[in-house]
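There are two complexes below, and they share subunit A, which is joined by subunit B in the first and by subunit C in the second.
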Partner chain A sequence: MDVQVIFFGSIIDITLVDSVLLNNCTDLDSIVNDLIERYPALANKKYFIAVNQKMVHENIKLKMGDTVALMPPFSGG
Partner chain B sequence: MSNKKPSSIFVSGPIAAQKIAEDIQKHSSKVSIGAHSIFLGQVRADEIDNKKVTAIEYTAYEEMVMEKMAVIRESFFAKYALTCMHIYHSLGRVDVGEICLFVFTSSAHRRDAIDACNEMVETIKKELPIWGKEICEDNSTVWKQNN
Partner chain C sequence: MDLNNRYIRQIILPGFGIAAQEKLGKAKVLIVGMGGLGCPVLQYLVGVGVGTIGIMDADKITKSNLHRQLLYEEKEVGRLKVEAAAIKAKAQNSSVNIIEYPFELSKNNAAEIIKVYDLVIDATDNFSAKYLINDVCVWLQKPVVFGAVSGYEGQVAVFNFSSDAKPPIHYRHLFPVQPAANEFATCEETGVIGVLPGIIGTMQAAEAIKLIADLGKPLNNRLLTYNFLAARWYEIEMNSSAEVPLIDEHFINTTNYQIVCDFTEADLEEIDIDEIDVSQFLDLKYDSNIFILDVRELHEYPTIDFSHAQIPMSVLKESIHLLPEKPIYVLCHQGIRSIYAAQLIKLHKKVEAYSLKGGLTAYFNRVSNE
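Coming up: the complex of A and B.
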């Protein structure tokens, strides 16, 4: 099962790419664990998560084709 | 109402003063309007560790901004008696002294336009997934933080 994870702002300074494709991730917690394994600096980073452009604040199940976004605190305007 | 259709708020680079003038002019045919309120955000030459900021580079999660803005617009039209509301935000590089945010609200009476404009500026800064990276004179960068 593929889930696309996209990164924004200062998160990209850590990942050095703006997206990755992850498989074998059935829920959000497993995505976060997988990402921290790949990018240890993420563990100390403040960010919000959106799934398919909606903010998510708890662990949820993911389905094929979902897009997960890691977003640092906003600084528009 | 045609004013509520979701459309991108993004402008590539700075927002030209000419565009702001033209947008004001366009509203002269809407004669039920009695008040406009306008907020303009300008890139400030902040100083970070004794280095001057020369520009801000903006990026955004554009699809999410569009989706969020559609909901926010609807709530503003429900809360305030607005005739129309236009919002533009820069993407990409905006040099100091240039305009990066343009919020333009119009109503029959001043209070709705003024209050909606003020609340929209706060909402944009708090709710929209947009990020600014400050670029200093030596090309070092610092991610902007909103208060």
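Coming up: the complex of A and C.
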């Protein structure tokens, strides 16, 4: 089951790519754990998560083709 | 209708009319930050005929502002931004009342100033100001048009405004806890292309006009993120988070907005780091008994011409065990992140760590002058 994860702003400083395709992730928590395993620095980073362009605050089940976004705060002006 | 009216081209728009123009004329808008975002916001609010506009910024114009802060001229370098901006605004539209605040927003003055305005534009460039604006506006129930940039991307949203019965969304619903200043690099450190805050600031002006004149659908439950390189907008529907504290006067009074270091590393601030200047560093840079570490992010410029290791600040915490057991000299763009990096290294690796004062900016200034 493929889920696309897309990154924004300074999250890309850690991942060095703007998106990854993950499989075997059935819910949001498993995605986050998988990402932290690949990119340990994400564990100390502030961001919020959106699934299919909707902000999500809790663990939810994911389905094939979902898009998960990691959005950090921006502070420049 | 007076066809010589300067606002005639907007008044004749469907749904606009004299009514919208009158709302704009009566409105009071505060722009906090007169930099890359604040300049276009002010220009368009002045043009459209907002009655009263407060502009706040403690900074003076520098040469490196001119590529993106297009209100300012070369001959004005060194002048207060609000002073220069007010002159331009009055010249463009003499009927607009401009109020200058040549100082920073603080806990002591924020409520007093903000309560006079109908709407606040967050055009600031740091988290301390963004969280203070957010909290004071939540307390006083003032809508905020938020804007921010990071590298080639920008965010825009309307906070603290609800057009239906739902409780309004604000910045702490997205990011409940204020990040420390050292968690995210600033524009001075990572660079910014002038047109990007121009686009985001212009969007902020557009949303402000819509809110005041009650036009269309405001951006209150959506965060728009613009990517300059991809020429794409990404829209995220925002919703409320249970983690958000009750924000009132007491909360604001007891909150520290000047967070320099990550609070989970509170003992870090206690660690003294010796800073070395460029002359000392030049004597040392080929010494094989030391280890030179660049903590800039991989995309940062320029590259350096002596041997060194690079571990970006964004992954340093997790990589400290990779460092050798010898004195470590840390470098970054301006010598700010490198102090924090040296503290982390000294705390977790137990080796001596030093920071290059003024960073690579100071180094290249010296080297190119020789």
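Some points to look at:
Everything that follows uses one rule, which is that the second predicted complex is superposed on the first by the 73 of 77 C-alpha atoms of A that agree within 3 Å, B and C clash if a C-alpha of one lies under 4 Å from a C-alpha of the other, contacts with A are read in each partner's own complex, and residues count from 1 in each chain.
Basically, a contact is a pair of C-beta atoms (placed from the backbone, for glycine too) under 8 Å apart; a residue touches a chain by one contact, two chains touch by 3 or more.
Bear in mind that the values here come from a model prediction, so they are computed numbers and not experimental data.
Using the contact criterion defined above for the overlaid structures, shared-chain residue A:F8 touches subunit B and also reaches subunit C.
Applying the stated contact rule after C-alpha superposition, one finds that A:L16 touches subunit C and leaves subunit B untouched. Annotation for subunit A, partner touching more residues between subunit B and subunit C: C. In the superposition on chain A, A:P73 contacts both subunit B and subunit C. Of the two partner chains, both subunit B and subunit C are touched by A:Q53. By the touch criterion stated above, A:N44 is placed in contact with subunit C alone, subunit B being left untouched. Residue overlap on subunit A between the subunit B contacts of one complex and the subunit C contacts of the other covers 8-10, 50, 53, 69, 71-77. Interface of subunit C with subunit A (complex): residues 33, 35-38, 123-127, 130, 147-151, 153-155, 174-175, 177, 179, 183-187, 190, 192, 197, 223, 225, 234-239, 241-243, 262, 297-299, 312, 314-315, 317-318. Per the touch definition, subunit A reaches subunit C in the complex via residues 8-10, 13-14, 16, 39-41, 43-46, 48, 50, 53-55, 57, 69, 71-77. Those residues of subunit A lying in contact with subunit B across their complex are 6, 8-10, 50, 53, 69, 71-77. Remark: subunit B residues 41, 58-61, 63-64, 67-68, 89, 100-101, 121, 124-133, 143-146 touch subunit A in the complex.
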